[in-house]
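As structure tokens, here come the structures.
You will see two complexes here that share subunit A, one where it goes with subunit B and one where it goes with subunit C.
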Partner chain A sequence: MIKVVHYLNQFFGQIGGEEKAHIEPFVKEGFVGPGMALNAAFKGQAQIVATIICGDSYFAENEEKAKETILEMVKQYQPDLFIAGPAFNAGRYGNACGSICKYVKEKLNIPVVTGMYIENPGVDLYKKDLYIISTKDSAAGMREAIPKMADLALKLVNNEEIGSPEEEGYIERGIRKNYFAEERGSKRAVDMLIKKIRGEEFKTEFKMPDFDRVAPNPPVLDITKAKIALVTSGGIVPKGNPDKIESSSASKFGKYSIEGVNDLTSETFETAHGGYDPVYANKDADRVLPVDVLRELEREGKIGELHKYYYATVGNGTAVANAKRFGQQIARELIADGVQAVILTST
Partner chain B sequence: MRLELGKIFIKDVQFSDSTRVENGILYINKEELLKEISGDERLKSIDVELAKPGEEVRIIPVKDVIEPRVKVEGKGGIFPGFISKVDTVGSGRTHVLKGAAVVTTGKIVGFQEGIIDMSGEGAKYTPFSKTNNVVIICEPVDNLPQHEHEEAVRMVGFKAAAYLGMAGKNVEPDEIKVYETLPLLEQVKKYPELPKVIYVYMLQSQGLLHDTYVYGVDAKKIIPTFIYPTEVFDGAIVSGNCVSACDKNPTYVHMNNPIIEDLYERHGKDINFLGCVITNENVYLADKERSSNYTAKLVEFLGADAVIISEEGFGNPDADLVMNCNKIEEKGIKTVLVTDEYAGRDGASQSLADSTPKGDAVVTAGNANEIVILPPMKKVIGHPEAADVIAGGFAGSLKEDGSIEAEIQVITGATSEVGFGYLTAKGF
Partner chain C sequence: MVKEIERAGLPVVHMCTIVPISKTVGANRIVPTVAIPHPLGNPNLSYEDEKHLRRKLVEKALKALQTPVEEQTVFE
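Showing the complex of A and B:
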């Protein structure tokens, strides 16, 4: 019998709502909540031996610790398969499902499956690493999601060939694989063209990624009066990295005061970035975040003033969805603080 | 313009005392062929070998593949601007030795030449494992500059194909296909109810051994222009490319442009195929802007409702493809794009260097970065050590036993962006 461990949050684990989101992970033998339907969907080929329940807030705030604890719990049952969720459109739950699935897969080398709604932020973060069954945006989609998760999971355990996203119901992982088509490319192109001309449905063979192009703002009219802020994806943080911004795949950004700071030194600032040689940035972080030069310009009256906070994150394998969210949040705060121009530095 | 293409099916090729076609066999007088193609003092030696489908033979590094053709009726001759004068070709009658091909090899010119395997795994990826190949091995004199080396070998290939093509001049073809495109206004009137289609034919012109020629003119120096599709069948467009082997168009593929053939298949039935706009892929931004502006303008001027745009090469030309798509779609003209992908060996990276949401109809010829293992062959024509340096190969690609581990990028024609092959890719 294939042994399965199932992961749920406090809500689906039937502990409670947001007021229980802080609970630490714990184990229950057998299935809980949606686990019942999942267990049934295995049709006797697999069995949920244990369910791990963890609060969404607890996981988000203690990710490393939570992952370790949960991994130890999973190990005890020596499962052949690990399933998390489905998380539907719950953001923190989606992140937790993705994060713990990835970790279990890496550490125990067993198949993992989760399920999410396409717009769940966990999708962009983990779809490359995991099979994520595409679900509806709420628990109303449970009945549809469960059999797909069970079927795909069984195929993975049995080392069967995994079909296309449409066939299996998972979210496209962005992995391109070659195959020989029945018609040559030119014929496929002509057929597609005729369908497009006639307004019939056609299916592109390659979906062009949607690059988010930003039109530049008009220039600042009088830079000598402008309040200028510094924002960097080069990972410059106060020494010790107080917010623990990740060296890769950052999930957050930091906002730090540079009031009264004229120069960044190796005693006061460093980089958290794991994607470039940090030696020169750690020696003198002004190389990435040019506070010293802007202070000079400020003194000389060439700019109005340097904003008292700067913002930093790590642009190293960071998911576009996260980067976009950081940018929107930072821009809102800068506008509220009356900043007219921003110098963005990258590495 | 009306062209009859008479196909003489060639099922075998053999050396003999005279060059002729008999019962579907191309016999070659090797001495006469060598005499015909020799004389360039930039080449130290030229030799000829045969490679047939199913044989355990590898040809490496492959520079160009050319189809033997001969003009039987009508103006001009094959390869205008190179072998023949610059008369306008594309009308009358042309005979083709279908199933035979000239393949040029010899010391590597640049980094971007290919492999043709006549059997095994690699044979699946190249269309030239199915042709009876007359392989011309050209070795340059010492210290010959690369662009001269390329030119010398290119000319030898054309001469050989023209010479062999002559053998089909007085042979009754097994099949005759007629292709006709009328002058624009007449063509529009002929099928007034059918949607008007133009083929936007992008030619590799990045320079530095990435060149294509039109009636002998370097395509870098052209302004996008109109060409009757049948002109292409007579060799009006030829390759002078040492670009990645998988997705460049060898001269053979230009002469057999499958998009033109397949548009003609639907011509008069589902579409009114008005002709081709050829454009280039130069590296300077101003050139890209000018050529894409001009292409969109021409397509609009000619009254197209829809176009197919094919790319040649990858990376830098992705920008030309996207510009052409955007500017043509902005005029309300529908587009289908044909390209290939460089999604990394694991298929997980971004496939193209540029993108546009307007490119909603794309045909892909596959991921050129996928790894393939080519088994050892009994015979290798050319220089096997080139496997380590050609684009798609890497240090250690050539194993001790003669097998090659490399990206399919190394295989001539593997990811043809005019859709000459069957390979494609999908997302998982």
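Showing the complex of A and C:
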């Protein structure tokens, strides 16, 4: 029987929500939560012998230590296979699944599989190293994801040939494979060109890597004269969340005046952000948006001026296209207002 | 958002806890922070010590904004 160890976060591990995101890794024998469906999807060929559960914040903030601890736990069971998640669009969880899969694969040389939504930041970090099954952006996609993860994992353990990303349902890893095509290259190229000219859909055989990098701007020359603006994805809003920014998958950002505000207090500001424990930010939002110290620095002449508006959205499962649009709109306004530099804080 | 602000021509420093995500997102000036729910604070410290910690981090961010960089740079 193929032995499997499964990795889950505190939520899918049925320990709790954000208030438990700081728990250290621990082991439970057998399967837990989504492990039940996964175990069933192995159809008797493999069995989850243990589940390791770790808080998302704990992993993110203690990555090296967490990896070591988890590796030791995995080793005890001498598994043939390691599976993490699926993490859907949860950023910290995706990062943890990718990181621990890569580590287990390197150290124990066993197949590993995880699953994520294409926009999960863990995808870009780990898709070259790992098979990541492409999932929906929420746990509603569990039923679809699990059989794909199980099938691919079994193929890997059994050393079967792995098909293309489309066939197997994993996210492209940028690996090229030789194969015998029916038609020669020149014909395929001309066919593609004709399709392109006709405006039809065509599939390239050689994708160009997508490096959307922006070169750094020159530094601020005299910060003591500069107008500096604060922007945050940490969801800090005036108490009551006047624009009703969503706690996840935000569709908008807010622009709020901090004119005359020297300190953010629990009476005046709070966080709208889901997906992290809001207690600390609600008690003192300066912990996310450092208005208090920037005012100090302004008074001392260390910066020219703190811009009278700050901008905020919630960076929790936010679509990349939305974030891009927010960034463009915010930048346009900041430039029009004569801002020279930006501090952007994220949770 | 960091990338679009940079693209528009404003130097921007990203203060965040998960540096690998910041790098993936394409931030060029990165200042690592304390923890996800309180990047610029630490509730275990006294009010004064916490504010001091925040000030040090913000000063680091200001230094990053004044430093010429050619590529993604983490200001430890």
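Definition applied: the second predicted complex is superposed on the first by the 210 of 347 C-alpha atoms of A that agree within 3 Å, B and C clash if a C-alpha of one lies under 4 Å from a C-alpha of the other, contacts with A are read in each partner's own complex, and residues count from 1 in each chain.
Heads up, the rule we're going with is that contacts are C-beta pairs under 8 Å (C-beta built on N, C-alpha and C of every residue); 3 or more make two chains touch, one makes a residue touch a chain.
Because the structure is a prediction, the values reported are computed rather than measured.
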Figure out whether A:260 sits in contact with subunit B (first) or subunit C (second), or with both, or with neither. neither
Between subunit B and subunit C, pick out the one touching the greater number of residues of subunit A. C
Touch test for A:173: subunit B only (first), subunit C only (second), both, or neither? first
So in the superposed three-chain picture, is A:234 touching just subunit B, just subunit C, both, or none of them (first/second/both/neither)? second
Quick one: is A:204 in contact with subunit B, with subunit C, with both, or with neither? Answer first, second, both or neither. first
Which of the two partners, first being subunit B and second being subunit C, lies in contact with A:193: first, second, both, or neither? first
Should A:17 be classified as contacting the first partner (subunit B), the second (subunit C), both, or neither? neither
On the A-aligned overlay, A:338 touches which partner chain: subunit B = first, subunit C = second, or both, or neither? neither
Touching A:44, do we find subunit B (first), subunit C (second), both, or neither? neither
Just to be sure I read the superposition right, which of the two partners does A:301 touch: subunit B = first, subunit C = second, or both, or neither? neither
Taking the two structures together, which residues of subunit A meet both subunit B and subunit C? none
Within the complex, which stretch of subunit A touches subunit B? 128, 162, 164-165, 172-190, 192-194, 196-197, 202, 204-211
Contact footprint of subunit C on subunit A as seen in their complex: 18, 21, 57, 60-61, 91-92, 95, 121, 124-125, 212-221, 223, 226, 228, 231, 233-234, 276-281, 283-284, 286-290, 292-294, 296-297, 302-303, 313, 315, 323-324, 326-328, 330-332, 334-335, 339-347
Complex contacts: residues of subunit C adjacent to subunit A: 1-18, 20-22, 24-29, 33, 35-41, 43, 50-51, 54-55, 57-59, 61-62, 65-71, 73
So, in the complex, the side of subunit B touching subunit A is made of residues 124, 195, 197, 258-259, 261-263, 265-266, 270-271, 305-306, 308, 310, 334, 336, 338-339, 341, 343, 346-348, 350-352, 355-357, 359-367, 370, 408, 416-428
